[in-house]
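You will see chain A twice below: alongside chain B first, and alongside chain C after that.
Then we have the complex of A and B:
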């Protein structure tokens, strides 16, 4: 199968601190991958490097066969893309912005998701609760037709009932060949939709395993496997 | 990829909204000042135009500052840096959209001047006729032609100065932003303090360059000979060249070193 994301020998330092070291990672087309790791492990940084908004790293990152930053941006929909809008901006204005700058943004798909997520477009960004803002981010990010979706802790503020519904719906909102890389603290809740798990520990990719392998080989859930690695009792083959 | 036009639309809209707010406050300030003048019994025919003209100076300064602030924010925000467009395109469209914002502010000010001039429209017409008559009957050769060339040159010079100022602010901002990545976390506050000092010094340096150039032109401004006119255009080319150099530096920093604020 073709790799949609290929990362080779990636090293990233900032402020005299090494944040990621010798990261090598391949993610196949169509997979939903959980990016797990404790706070400060470098999950967000890795996503920012893939999206091309973090700079100064050595190594190579190829997305959908291209390593040029503008082309990579075309192929990636990143959940951070709401950062930087004026808080007084109304949601309908943000949607208009998306329609203008992202040729692959589907208003029809957004409207369907907005209905499901119950997003009120008449509100301003500052008037949204944390959970509602996260729903908007999910709606906007997944309304683009791209090869890669990067969702950085997208469910934190959403109530548990909605969270479960959204997580289960993610599969139907993505195209078959698209990759979703999702980081989240609610491992048990996203576990059911994951094809693969990537664990970031000690500034590098510590483990990359398919969800099926974890379940069959270790007879443990993904959450338990992840916890065992962080507790130092990693079960390895 | 996002087209140049679509990107321009998206970057210009918020800047025009900022300008609309400034103009609204300007109009309210003019009206309140006029009401105060009426209350004091000081209102004369030319008062509205004098007030409008004097407030235009503040409008220009505030518009410039807010355009700069908005532009610099674009370079470090995910919402804009994630747009599928090259850094060169983002940089040039951002500069162009700020310029459109300033032109828009300029047009609104001219409209306000015309409205404020209505009370003494007759006097204004008479003055214009007198000037037109003098121009037509002037014994100096090419007076009208030179007048047109000087006016166009002055406008171009003002545009070049504005662009250079924006390019300088961006270069200083992006240089500082890129350098912070190479400092230990504990020294950030100290460095930022040093950076502010550097920003002010650099700004004064750039400003002095512009001032010297403009002074050179202004010294002969009213002589109306061919060389003086040419010097306005030379000064414009000089400033635009400097702007282009700074822009190349800024785009390089955007491509390789400047991250968004996370």
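Then we have the complex of A and C:
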């Protein structure tokens, strides 16, 4: 299997504080991977580094065979928080912007998701509730056709019915070779679609395990496995 | 379908398809939904569905036809065997649990008969 994401000896400091230390991580082509860890563990930072949005780390990050930032940006669809847009901008304008900027953006995919997410395109960005904004972000992110999707806590404010539909559209649309890295601090909703989990603890990759292996080897759920690692009583191998 | 997160999901998918076949929701010769459709319906990973189907194929419960999809076996003997296997599994659990409660073999038969009679009364 070829790796779509390869991270070697990654170290990242910010304001004289170490955020990530000696991170080594390979993610194989086609995998859906859950990135788990407490608030502040460095999940978002790691995603920003992979996406090339955060800079100044030592070590190397290769995505789909390239480590150049422009190539990475076309290979990665990252659930950014739309902070670059003027809050008074209307949603339909933001969608047009995505269509113009990303040649891989599929309006058909977006419209299908927008149908069940019920995003009112006439509203201004500033008028969206937290959940609505998250729906818009995930809709835009998943509508691109890329090798890698980075979804940073995409479901926090989204109601469970819409969550289920988003997860179903991920299964439906994901091409066989695309990688999805999805972070969350509670796991149960996405556990059934994960190939692997990566746990970030003590500023590094603490564990990387196949989801089915956790179930068959420990007879435990992903949630429990993750909690046991955080509580410091690792299940014995 | 709701999954138990403590049990490998491919295994639960296999069991789900076994049951569909045994109760006749999937009849011999029926075409299974496409892998991706199954994954969407069950809200699981495509790779997991593929693993489950792969095992069902090697067990000869389903048969792949090139370019057409997967079909439930038309060999009734295989299905009959599968049914017996699942029944035996259930009986085994029941038997072992009752034996752990120090219920004797004879008592197990009596209790079961008694239970069935009571269920019949409730239903009628």
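In this text, the second predicted complex is superposed on the first by the 234 of 237 C-alpha atoms of A that agree within 3 Å, B and C clash if a C-alpha of one lies under 4 Å from a C-alpha of the other, contacts with A are read in each partner's own complex, and residues count from 1 in each chain.
Note that in this section a residue touches a chain if its C-beta (ideal position, glycine included) is under 8 Å from a C-beta of that chain, and two chains touch if they have at least 3 such contacts.
Worth saying up front: this structure is predicted, and the values here are computed from it rather than measured.
After superposition on chain A, the partners chain B and chain C are accommodated together without colliding.
By the touch criterion defined above, A:174 reaches chain C but does not reach chain B. Legend: residue contacts after superposition of the two complexes on their common chain; A:69 is shown touching chain B, with no touch to chain C. Of the two partner chains placed by superposition, only chain B is touched by A:56; chain C is not.
When the shared chain is aligned, chain C comes close enough to touch A:215, but chain B does not. After the superposition on chain A, the angle chain B-chain A-chain C between C-alpha centres rounds to 160°, nearest 10. Within the superposed three-chain model, A:16 lies in touch with chain B and out of touch with chain C [touch as defined at top]. By the touch criterion defined above, A:30 lies against chain C but remains apart from chain B after alignment on the C-alpha atoms of chain A. Superposition on the common chain A brings chain B within a closest Cα-Cα distance of 28 Å of chain C. With the contact threshold set out at the top, not one residue of chain A is in contact with chain B in one structure and with chain C in the other. On chain A, the positions that touch chain B within their shared complex are 14-17, 44, 48, 51-56, 69-71, 73-74, 76, 78, 80-86, 97, 100-103. By the touch rule above, chain B contacts chain A in their complex via residues 1-2, 6-7, 9-10, 14, 73-74, 76-87, 180-185, 188, 255-262.
Contact residues of chain A toward chain C in the complex are 30, 32, 164, 167-168, 171-172, 174, 176, 188, 191-195, 211-212, 215-216, 219-224. Across the interface of their complex, chain A is touched by residues 3, 5-11, 36, 39-40, 42-48, 51 of chain C.
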